[in-house]
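Please go over the structures that come below.
Paired with chain B in one complex and with chain C in the other, chain A is shared by the two complexes that follow.
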Partner chain A sequence: MKFFKLLWIVFFLIALFAKQYGSDPLFFELPIQIHESLEQNQVGELMEDGFIEPLSVELISDSKGPIYYQSTIRTTVCDDEVCEIMNIKLFWDLVGEYVGYDTVAQHPLTKFDHEPFTKNDYERLHELLKNEGSILKFKQKSELIDKEKVKASDVVDGTTGATSLEIKEEVVEGALYSSYTLWHLAHNGQIKNMLTANSRRVLDEHLIQYLLDSDRSGYTLFAFQNFQEKDYTKYKRYWLRSLKDDIPLTRKYIIKNIPTEMWRAHIIQEEVCLLFNFYDVNTKTYLLNKIEKTEDISSKSLEYISFYLTEMNRNQISQFLDILSKSEKLTVLTRDNISRAANNKEFNFSYLINERHWVN
Partner chain B sequence: MVSWRLIVVLYFLTIPFVNAQQIGSIRDEFPEFNLTDLNGRSIQKSDMEGKVVVIDFWATWCAPCIKSFPAMIRAEKNFEENKNVLFIFVNTLEFSGRDEVFIKEFLEKKGIDIDVYLDRPLSKGISLSDKLSITTLPQKMIVDFSGNIRYRDKGFSGSDEELISELTTKINSLLAGKSDL
Partner chain C sequence: MIYRIFTFLLFSNFFLQFSFSQRVLIEAESFDDPGGWVVDPQFVEQMGSPYLMAHGMGTPVANAHTKFKLDESGEYNIWVRSKNWAPGDWEAPGRFQVAINGQTLPETLGTTPGWSWEYAGKVNLSAGGTEIDLIDLTGFNGRCDAIFFSTDIEAPPRGNSELSTWRMKESNEASSPEEVLEFDLVVVGGGIAGCASAIAAAEQGLKVALIHDRPVLGGNASSEIRVHTLGIHGHFERILRMLDTEHYPNGSPESYQDEIKRHKNVEKYENIHLFTNWRAYDANTNGNRIESVDARHTSEGKRIRFKAPRFVDSTGDGWIGFWAGADFMYGRESVDTYGEAYEEWGELWSPEEADDFVMGSSVLWRTINNDVPVKFAAVPWAEEVAQDHEATEGTWKWELSRLDLHQIDDAEEIRDHMLKAIYGSFANAKKTQDGENLKFEWISYLVGKRESRRLMGDHIFTFNDVTDQRKFEDSVVMETREVDVHYQQNLKDESKPDFLSEAIFYKTPKYYIPYRSLYSKNIENLFMAGRNFSCYHIGLGGPRVMRTTGQMGAAVGIAAVICEKYGIDPRKVYTDHLDEYMALIEAQKTYNTIAPKK
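Take a look at the complex of A and B:
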């Protein structure tokens, strides 16, 4: 019995050892198995203030194509009293979004009191780095500590000085400057530009398909941003799916960039308008603006939208009624929908329809 | 029957600790080295023999390092008559491309008059700071007559007097042959 207990301990230690020294990064958000056979190609180098040596970024590919970027970084972290060298490996996806980090062998992360990071600290750091909208984005390094409010009990990175609560909540306790430096590396604009430029350079049919098949909103948007006109026809089901399910930014991009020639086709207008109920408020407005500028909009498209009159805001209803008034032929169902909305006592904006004498 | 099992178990149990030892250990004995200063003069461990040596590790990107120089220069001046005390300023962990020309100009611009030795990785990629596991700057060490590291301090509080007093006390203790600093 004792032997099995010992055996269990051994397996646990081996697992811990493998985690520490194996190839799996500490944190990695992409659904990819990292293994040694992955191909590494240097993308470029970047030198910025604080880097000990030029930062070199690698593109990692499997047998099918590119899958992510990585860089092993050696940077400096300083406060007023002391400077540290920090070693870390950062991972970005194919559009330059941070997806994880790992420690470098023999260089665990430490706090400014030289205490090593705890498991919680490592997790906290990953959560911080994942937050693209962190308050650290808007802060200069000099703003991290308020020198006017010195509090002996306030220890962040071992410095004396009060750290505002808003910043404290965003960083790993005891590692303010490390957290700040790493966030600005993970979301460094120059690095992101280098990565997206490279992805654009290696973009081929396979990669477009890979991006479109992904559930990462950044990937689909990047694919659409790099579409040629013919791609809108080839990948119609993908951009229609994104119109239905994707983030507002992507929907807006698609509606804005559907090739003019393609948009003239009534079948396309109808497929886009059929999804009206799935759109967020801004996309609805954006689509109505596009329709208003369209010379020949199909009556079926207007019919599809008319089903959701009561879901629109005041401005959208007014705009839609303007569009309808200019349309020469409205379907019976469109007229029914307008009439139903006009007579709907629970619909706050029915008066907007009645003012225009739309009731049949 | 149990003994071989125990051996296997103990073998696996020791793996993480063996690695930890390799990663974290810092020897008390100052390692062998050979550094060259900005004028091409070299220094090695044998030059430290029989002396109390204060070594200041610094880099141009490290503001606290630069701030501590006036105090270090004053501390060095306090012992300039004593041939048994040696101050060494070691430029280390430097940004790529910052060579001796850059360091010279940097010191001239700042008006800092010190003799600086350059610590750069050799062909095998090992620098003195690697050997001493230095990742924090500024870092000051005091090595005794026998070549053992007796004092190691990281950072600079900003107080010149505090630093001078600390170093002077430690140096005098070692010169007096005190074993306890």
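Take a look at the complex of A and C:
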């Protein structure tokens, strides 16, 4: 067992050493092959309290266009009294989401008493940095340790024993302040804004297509957020696909932003309503809200939704029945679906239909 | 002993039978002995009444029992108002039975979706003492609102408006309360804000009524909900230290200690008249003024009309303002309405278009490791919500907000959804290697709300007041806590359970809230303190925590003193007596005696 552990450490050190000669980063979540021919362009610099030099961010592009951002960072990691220098390279995607990190040649990460990070420490750090909801978000630096338990130590991060239990579970053991500093860099709002502003600046048809073809939810949402009205026609199959498969936040954005003129077309209403059963609970309600405000909703759209009456929750059923009661032209199938639901003994909310004395 | 037993004779089928029908309505919350059932008055405005609930955390609770006198012998049909709170393709979780004079009726109740009268059976009863038992079969939150005996076969009405009229008729209830009490200030809601308001006013000699619908004070900080208090004390450290909590983990039983402290401190004021277990149900107005508030005892049903020149709405949901016709807000304002953007968080922070996706409500819970293995019943009705999520405790992240759910109108559904999440996640944890000995220590059955109605004042507090570091001449509340707005995790990742939230923090130096956000703009004698103060959705993100709302309460209590001194309404404190008011606020740091009883 010890032998395998030793073997692994040797491999890991070799990997770290090899990195100096252009190998892949330690952690990188994007499906991109990094090679020397990639183009680097500085995007901007950021200076904040605690930085020892401005943080410079670069946009990395291949022959087709932008693919990610990176920054080689030299920053201080401080507790109340002691500061140390940390060197690291961080990667973000095109919408400013953290996607990985790498060590800088000659500067492996260290922790308590300068002990180097183990493989597990490196992995744990990546997991921590990926966690947008980390507890570190809510903490001031002064809250990281239990002052009553502090042990004397002359190096930063040497207060592991005093780390609050709730924090201890989420940081690299023995590297509390490094974890804290890096998380707040990886999820720095100003950096994110700088990156998204730059992506917006370089956005062209090719990049929109690249974003829409991606399976990253942040990319598709960013593309839709930067659509012009004509794009809803041009990329119809993409936003319809996103309505079916994407995250609720994106679905809501699309439904809200379908151009008014386009939404007036019954065929568009019907294509959106046809997907009703693929939607999450919030999107369903959002669509029902939109239909409620739509003056001329096609009867076929209501029919499509009526097939899923028994899949709705209590308030959605009431809302949908309100919509139907205001519609003057319900299809035969819609009426059948309501009638079937009202008489369905397995349907928990049939009483909501029956209470209204629905006349078929 | 007080029974809420209402009998009256109904002359029915006069021309055919010349007979009378015998009818008796018994409200479950008024049972002599609730046994292991708890009185739940949270949803009166939605379903019509407090009810008894078998909150046994999976273990059937002891019978609830009562006795009443039946005037006439006869064959009685019995209906029980109940609800299957988790309908689906499984046995209802909250099943129970009714026994009359020791004879258990065969019907299993709590099985019909939605609140309705379930037919329990027919029994021959003799005139005289009659006993009822509610027999819990599951320990999983069966609920009983009322029991109706009738020699007629006609079931009581189901719909809320019809039912309300029917109930009043059956109980022969007069339109207004029998008892009328008068005070200098009526504070409705005994959370931290309400308690602070009562203390601040009482210390200056006002005769205060503090009305609260639970047996214990503290609201979200009480031992019933167990959220620790956050924020700073501002000008009111002395008062708020009497009421706040230590920074223990949310859900901790340490909340009991702080609750004892809180009660001791409130009860020492002779001129605070404490009405615990009283729930306000109406505000009576004359023009734009509230003349009185009506409240009902949550189990005994007695009613009192509370008269006062001024009122404080610290109900959290803004009920007093709502009943009085105060202007109010609900939901998230659009980002452009007041320029409240937080660029990197976009829609999750503030939407492009106004919507009702407010911060959600939490239900906290805890487990312990038992010495020996503990069995836990299967909970198929919880699986749809919990899915494969495993957990052994609930944190603040256990929160539910959904576009189709209103935090007030649908509060019972929100609570029940969270119960499914808890039972299901716990059941998953029980299946793991370490889960064998786990058992529930505590599950709250009260909804811990973050956001609901916000009453409009002369000033509406916004995010811009925070970002611009605005200082007001009437700054009475201050805070350094982050603006902290929540969103549901599944909005960004649909695979996440729908009952977990995430927070967005906007870190900020100290900011201030003006007095003008603490009284209604259109109801002349109404103050508000607590989460229902005058603010926009993002404005609420920071000061919604309980030390901050406590500051609001204290500030309002002191304003009420100025109002009483000059016989004026809250607005005049700002326009005509601001210097005196602010001086009195400043003096709170050192004021250390309790004023004599008025």
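The working rule: the second predicted complex is superposed on the first by the 326 of 360 C-alpha atoms of A that agree within 3 Å, B and C clash if a C-alpha of one lies under 4 Å from a C-alpha of the other, contacts with A are read in each partner's own complex, and residues count from 1 in each chain.
Here, a contact is a pair of C-beta atoms (placed from the backbone, for glycine too) under 8 Å apart; a residue touches a chain by one contact, two chains touch by 3 or more.
Remember, it's a predicted structure, so these values are computed and weren't measured experimentally.
Engineer: Does chain B (first) or chain C (second) touch A:120, or do both, or does neither?
Structural biologist: Neither partner.
Engineer: With the two complexes superposed on chain A, say which partner A:354 touches: chain B (first), chain C (second), both, or neither.
Structural biologist: Neither chain B nor chain C is touched by A:354.
Engineer: Which one hits more chain A residues, chain B or chain C?
Structural biologist: C
Engineer: Could you say whether A:343 touches chain B, chain C, both of them, or neither, answering first, second, both or neither?
Structural biologist: neither
Engineer: Is A:52 in contact with chain B, with chain C, with both, or with neither (first, second, both, neither)?
Structural biologist: A:52: touches chain B, not chain C.
Engineer: Looking at A:313 after the superposition, I want to know if it touches chain B, chain C, both of them or none. Which is it: first, second, both, neither?
Structural biologist: Touch partner of A:313: chain C, not chain B.
Engineer: With both complexes overlaid on chain A, does A:282 touch chain B (first), chain C (second), both or neither?
Structural biologist: Only chain C is touched by A:282; chain B is not.
Engineer: Overlap the chain B and chain C contact sets on chain A and report the shared residues.
Structural biologist: none
Engineer: Could you pull out which chain A residues touch chain C in their complex?
Structural biologist: For chain A paired with chain C, touching residues are 96, 132-133, 137-138, 189, 192-193, 196, 217, 225, 247-249, 252-253, 256, 280-282, 284-286, 289, 313-316, 319, 346, 348-349, 351-352, 355.
Engineer: If you look only at chain B, which of its residues touch chain A in the complex?
Structural biologist: 2, 5-6, 8-9, 12-13, 15-16, 19, 23, 59, 61-65, 93-96, 135-138, 154-158
Engineer: Could you pull out which chain A residues touch chain B in their complex?
Structural biologist: Answer in residue numbers: 3, 6-7, 9-10, 13-14, 16-17, 20-21, 47, 50-54, 76, 78, 80-85, 106-107, 114.
Engineer: Can you list the chain C residues touching chain A in their complex?
Structural biologist: 87-89, 113-114, 116, 158-159, 342-344, 346-348, 352-353, 355, 357, 402-405, 410, 413, 482, 489-494, 498, 502-503, 505
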